[in-house]
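You will see two complexes here that share chain A, one where it goes with chain B and one where it goes with chain C.
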Partner chain A sequence: MVKKLKTNDKHINKLARLLTGPNAILYHKEDLLAYDCDGFTIHKHLPRAVVFPKNTEEVAKIVQYCAKHQLPFLARGAGTGLSGGATPLNNEVIISLVRMKKLISLDVENRRAVVEPGYINLKLTNSISDKGYYYAPDPSSQYACTIGGNVAENAGGAHCLKYGVTTNHILGLEVVLPNGEIIHLGNDGIPDTPGYDLIGLITGSEGTLGIVTKITVRILKNPEEKQTVLAYFDDVEDGSRAVSDIISTGIVPAAMEMMDKTAIEAVEAAAFPVGHPKDIEAVLLIEVDGISAGIEEQITDILNVCTSRNVREVKVAESEQERARWWANRKTGFGAMGAISPDYLVQDGVIPRSRLPEVLSRINQISEESGLRIANIFHAGDGNLHPLVLFDANKPGDTEKALEAGSACLKVCADVGGTITGEHGVGIEKIEEMRFVFSDSEINAQTEVREVFNPDNLLNAGKLFPSPGRCGEVKKAMKAVIS
Partner chain B sequence: MSLKEMIKDPTCTTKSLTNYKWKEHPDEEKWADCVHCGLCLEACPTYEITGQEQHSPRGRVHLIKSVAEGKLEVNERFMDPVFTCLDCRACETACPADVQVGGLIEEARGQIRQAMPLSGWKGMVSKVFLEGLFPYHNRLNKLGSLLGIYQKSGMQKAVRKTGLMKVMPQHLVDMEAVMPKVNPPARKKYKNQEVIKAKNESKQEVAFLTGCIMDVMFSDINESTINVLTRNGSDVTIPKNQTCCGALHVHAGNRETGRKLAKQNIEAFKDADTVVVNSAGCGCMLQDYPELFREEPEWQEKAEQFSKKVQDISKYLYDTGYETPSTPLNKRITYHDACHLAHGQNVREEPRDLLINIPGVEMVHMPNADRCCGSAGIYNITNPEMAGAVLESKMENVPEDVEMISMGNPGCMLQMAMGVEKYGRNQKIVHTVQVLDWAYKQDDEQKERGVPDG
Partner chain C sequence: MISSTLIAEFASFLPENKIKVNDSADHPLGNGGKVTVYPSSLDEIVNVVKYANDHDRKVTVVGSGTKRGFGGLDKPADILLSLENYSGIIEHTVGNMTLTVKAGTVFNQLQHYLKDHKQKVSLDAAWPDHATIGGIIAANDSSAKRLGYGSARDVVIGLKTVYPDGSIIRSGGKVVKNVAGYDMNKLFVGSMGTLGVIAEITMKLRPLPKDETLVLLTVENDDLETIRSFVVSLLDTQLEPTSLELLAPSLSEKLTQIPKYTLAMSFEDVESSVAYQEDFLKKLKPAQTTMNVLKQENMEHFWNRFYTIGPNGAVSNTGDETVASIKVSVKNLDVLEVIKESNRLRDSHNLDVEAHGGLGHGICQIHVKGAKSDVVSAIHHLRGVAEKYGGHAVIKHLPYKLRQEINVWGENPPYFYLLDGIKKQIDPKRTLNNTRFVGGI
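And now, the complex of A and B:
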């Protein structure tokens, strides 16, 4: 017999009966408050409840219930997303997938693993590294973020330059559709199945098409060798020319990261400083990996390029510890902003690599005009720029200014032929900026796809696409009014 | 809170939105650093077990901030996440922005305890133990002697045969089962000795905090600490007026008593240049004293000076140099990082170094060695269920084939001993400094027997 919960909300009691785990539903304000946003903190809203299903069947039951009673709902992993994708704008029932965190199977021979959506990204690599394998997509939040969330956002990471983003590593999905039906996509990792690429469609759909409950991922063999280079430049332009030059030599580094002066100030003031000089304009972190033969030559080429671009100092990591320190310093870069600013807003533009100096100078201008500092962390190799707008939400007007400055940065990216998100997703944050890159009809085409999966728009509504562009829905609403 | 209540409550210190109405608000500076990135989640044992974000560091910081913003009241539901925290500070190690979550939690607990003083059974337990026992070493000693009598007189055997164990809560029964054999405390033994002289040439003088649990339950570890210190050229003093460090009080939200004890210790150790501690929890608390005096600048300065003198025994030996034992000990040992050593004091390599340098010691790696064991002061008494779950996940990481688990904190030792008992393991639980002391004793025996070194 299920104990009746202390609430007048009849749905809460009914939802609770669909769940079998201990304390599997939260509904008190004090508990819900921890779920009022994700890593994007500008918009906050309380959910109706948070439920913790144990398996796919429980997810399906919850979804069926929500669909039947027209309750808005959404899925959440670790809540490390940076665009508000897991924020319950419509008082949603949050379906937390963190208790579904098993590594279901590992098939080394066919280089694949099956995980539940709450499985932590880095745990996968850690649990197979002794067998000589790893999972390539490495978002900086990989210490905490879930693979389910990675699929929703099509997460990238520093090493995606060479190995591709999440979508390149997903071989199969089990998905609970917004009506509660369970479907399986991908034929156990057999590539190139005929028909539409639905895995590709679901991956990166930001939780608007279905809830992923099982994921088959590709695992890779550890590279035979790895070398990491750190290079300091007095001039950002020199640094970015070096990036282009390295790619031009034919080397595809595993990763090529850049931080500007303000970003360096933050990481050096935070928990993992490595002693970057305070007065340099840019630091480049470059990693090459692969079979041992040829790595030395690649490093020599990289050092030569850096020298030709007036590098002040350049060094190769001498030990695994040193490499790990450099990466910890870089990967905690966003959180490190806390050390120099009460709040930050991270943007996620993509630009053609060659336009970097120009883009940085325009971002600098935006910073001056808004009176807010902007730090830049850059996946330089693939042109994915992260301007971090620093502000203080307690200062009246600061949040609005930060949002405007962030949007202006994205406009610059779009204007130079880039786009508004490389890996963080659109979520709530970049909804309006979608218009920088899509026309109304392009947006409509996409919302019509959403309608096929999510016809009542109960699942994660108000995300990804701006609403006035949803002509189809407007028409439908008008029809309803007329009839 | 109604106006009437507010008038009734003279300690109300602010008229802003905040729902913290009592002395010592949680420090805004501390949560201002949190940008909600969530990298702390996986580091948190209570999040690992519940999967719920109100039981994660980020969630707790968010709730603590929300009370200050007037969005939440200081009530039972706020209390739950704040008191479910183990205060292990693993989140502080993980945090890119160095947010001091532990300090915030303790300050929030201070508010909760002022808002909702403990009453009934819990209130009594807290009064008897935290306020009536720990601050008074003579009372602790008496309890220790009683424990000794209990164990030696056959009473322990008798009690175990009675039905008493059946009616006691399980976690207390488990604890009773692993209670160490009690010896006379070091403070008593050396009470007439101003200075315990270094065995050979004296290089420096250190003051030693004997701790309360340590001295009553594990006085042999204190004995080992003194042996190791004097053998390595330190004159050791045990300042008479020293008292309990106050960690248990501060963890429980009783900051007033914490401050009282802190002041007494700061005074007691004022002539010392170095204060050596062998209990991670105490050492961390002593180093955190300045936090207690945010509203008393004069004492804060004294506390700052004091806290800089405090060092864990392993770090002290590592930094000042120590004799490497020469007789092989031939043991397979794994090391558990006490939270308040690893996360609280950033002491990780030093104790491992001590162990590795003993010949014949084979160090076996423990995965997630710096994961909390669930002891967390008196957490295992106040939150037995969660402590049990945390312990279970800890024990899964203890390698099967080791003979000893070494660590630097008495609370962990009791908890890990319970783990060994409960999960049918057979490791001996030891303090790092004990292992070194045993190695020295072996050297001495060899020497007596006239066997040449090596």
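And now, the complex of A and C:
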């Protein structure tokens, strides 16, 4: 006998009956506050309730109930998303997948693993490393973020220059569609299922096409050797030219990360300083991996390129500990901004690699014009910039200025032939910026696809697409009514 | 006469010399058209497609025709839209390692051009001297090196697609990392031209490897168990093969003169790494096997022949025999079973069989030739084998008439309404490549 909950909301009472397990629903305001946004904290909205299903069937039941009663709903993983993808704009029922956190199976011979969506990214690598394997996509939040969330956002990471992003590692999905139906795509991870590539479409759809409840991922053998190089440049332009030169020599580094002077100031003031010189303009962190016999030649090439680009100092990590320290320093870069600024806004533009010097000088201009400092951390190898706009939310007008400056940075990226997001997603944060890269008809082309999966738009509505898309839909709906 | 009406109506946007009236639209492989049009600009493509859509005409899209026998149940279309003359490189940014090309560009022309810049498109596909990049991407063709390279979906970063209503829809972009909006590229890659005409393609490139080698391991007495345990131990080492392709004996004989099961392993890296991996393999070599290493011309010769073993839809099969090509996808190591079963068809069905499959990616290609009834029976048999291992079989090449009897894509998936829904949203009049894809989409 299910106890009646202390609420008059009949839907909450009914939803509670669809769930098993203790404390499977939250509905008191004080409990809901923790779910009013994700890692993008500027917009906050309270959900109607948060439910914690423990298997696919429970997810399907919840979704069927929501669909039947036209209740808006959305899925949430660890809530580390940076663009507001899990923010309940429409008082949604949040379906939290954190209780679905099992590694279901591991098939080393066929190099694949099946996980539930709430399984934490880093846990996968940790649980297979004793066998010599790892899961390649490594977003900086990998210690906390879930693989389900990674699929929704098509998450990247520092090492995707060589190994690709999440979409390149997903072999199969079990999905609960917005009508509550459960479908299986890419059975057993077998490639090229006849039909449109729905795995590819759903990956990166920011939770608007369905709720992923099982994921088959590709696992990779650990490379035989890794070598990491740290290079200091007195001129950002030299550093960025070195990035292009390294790739031009025929090397595909596993990672190539860059930080500018302001970012260096922050990481050195934060929890993992490594002693970067204070007066340096740019630091480059380069990692190559692969067959040991081939690594030395690549390191020699990299050192030669750095020298030819006037590097002040360049060194190769001498131990695993040193390598780990350099990476900790870099991977905690966003949070490190807290050491030099009360608040920061992180952006996520991508540019053609060769335009880096020009883009950096334009970002400098934006910084000067706005009066706000902007630190730059980038996955330089694939042109993915993270300008971090530093501001003080308590200062009147600062937040607006920061948002404007962030948007201006994205405009620069779009103008040089790049895009507005490389790995954080559009969410609610970059909806308006979608116009920098897509025409109305291109946005409509995408919402038309959404209609096939999510015709009532109950699942995570109000994300990704700006109003022209919505205008199109309204026009279409009006046309349908008239005809 | 529909053809003369079309020419008259095309006059405003397509010069007559870009239109060819076909005396007979019928072709043994189907997928023909009453007139063939050869647009050479994006505007011309848009105008042809929009005209057809507005006037309820059907359009079949073709590159060089190597995949003419792949899918398609309809009678000849009104318009065969050839992209042969829409070819060439639009933009190659050497430093960014990205390339934008027109869809009609022949694959090897691209690779030859890129070679001068020490770069390449990391895809391998059948008939590279004929196949166009647009066709490879629309049909999601891949081959042995998919293990190291990935497939079209991993290489394409941007597309310009002409929708049936004539709108030009860009997806993705020119940068290698991009999560703005839905990943619409994925929808068009492998869509068999049923959603839009893929007109321009942007791809990420890879540097040409400094060294490359091909190691062939041959086993005695059809001893596939030895290959299995060798591959399992190889995959558990740090070696990084770009191909791990099992060749059935008849194919091995054709390519290497040795009529035995052979594993074709390629390695691409800097010289020292390639040499190391070669040596490592020699140490790993099981007893009673033979190992041969091919380099440079010999290796290139092997691959050139390998990529042209299957049927080429652009070349008519004049013989009496029926030719079919079957793609079977299973779990990586189940490839062994599929290739073994394929090899048996030689005796059980009295067929010529050329079969190979990737033990690192799970895709097998089986080309068969023989009497019609034997070919049909072999297809059913292989589909059964695929299903037994949880996989699926797609018939990539089959005469038009036989396609009416055999569902080349297999049964519709339970979520077929999603696929059909996507088609209806984008191409409600079914103007483009009607019936070419799953479930007659």
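By definition in this document, the second predicted complex is superposed on the first by the 472 of 483 C-alpha atoms of A that agree within 3 Å, B and C clash if a C-alpha of one lies under 4 Å from a C-alpha of the other, contacts with A are read in each partner's own complex, and residues count from 1 in each chain.
In this text, a contact is a pair of C-beta atoms (placed from the backbone, for glycine too) under 8 Å apart; a residue touches a chain by one contact, two chains touch by 3 or more.
Just so you know, these numbers come straight off a predicted model, no measurement behind them.
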Fit-or-clash call for chain B and chain C when the two complexes are aligned on chain A: fit
Partner chain(s) touched by A:Ser248 [first = chain B, second = chain C, both, neither]: second
Touched partner set for A:Gly39, first chain B, second chain C, both or neither: first
Per-residue contact with chain A, leading partner among chain C and chain B: C
Chain B versus chain C as contact partner of A:Leu26, first or second or both or neither: first
First, second, both or neither for A:Leu284, with chain B first and chain C second: neither
Contacts of A:Ile190 with chain B and chain C, given as first, second, both or neither: second
First (chain B), second (chain C), both or neither touched by A:Ala271: first
First (chain B), second (chain C), both or neither touched by A:Thr203: second
Angle at chain A between chain B and chain C, C-alpha centres, nearest 10 degrees: 140
First (chain B), second (chain C), both or neither touched by A:Ala339: first
Closest Cα approach, chain C to chain B, once both complexes are overlaid on chain A (Å): 20
Residues on chain A lying within both footprints (that of chain B and that of chain C): none
Contacting residues of chain A [partner chain C, same complex]: 107-111, 132, 153-154, 156, 160, 164-165, 167-168, 177, 181, 183, 185, 187-201, 203-205, 221-224, 244, 247-252, 290-294, 296-298, 350-354, 379, 382-384, 417-426, 430, 434, 437-439, 441-443, 445-446, 448-453, 464-465
Of chain C, residues touching chain A in the complex: 93-98, 118, 140, 150-151, 153-154, 163, 167, 169-171, 173-187, 189-191, 195, 206-210, 232, 235-240, 269-277, 327, 329-333, 361-363, 390-392, 394, 409-410, 413-416, 418-419, 421-422, 425-426, 437-438
Interfacial residue positions of chain B with respect to chain A in the complex: 32-43, 50-54, 56, 58-59, 62-63, 66, 71-72, 75, 77-78, 80-81, 94-99
For the chain A and chain B complex, residues of the former touching the latter: 23, 26, 28-31, 33-39, 41, 50, 52, 78-80, 96, 98-99, 101, 118, 120, 141, 143-145, 270-272, 332-339, 342-344
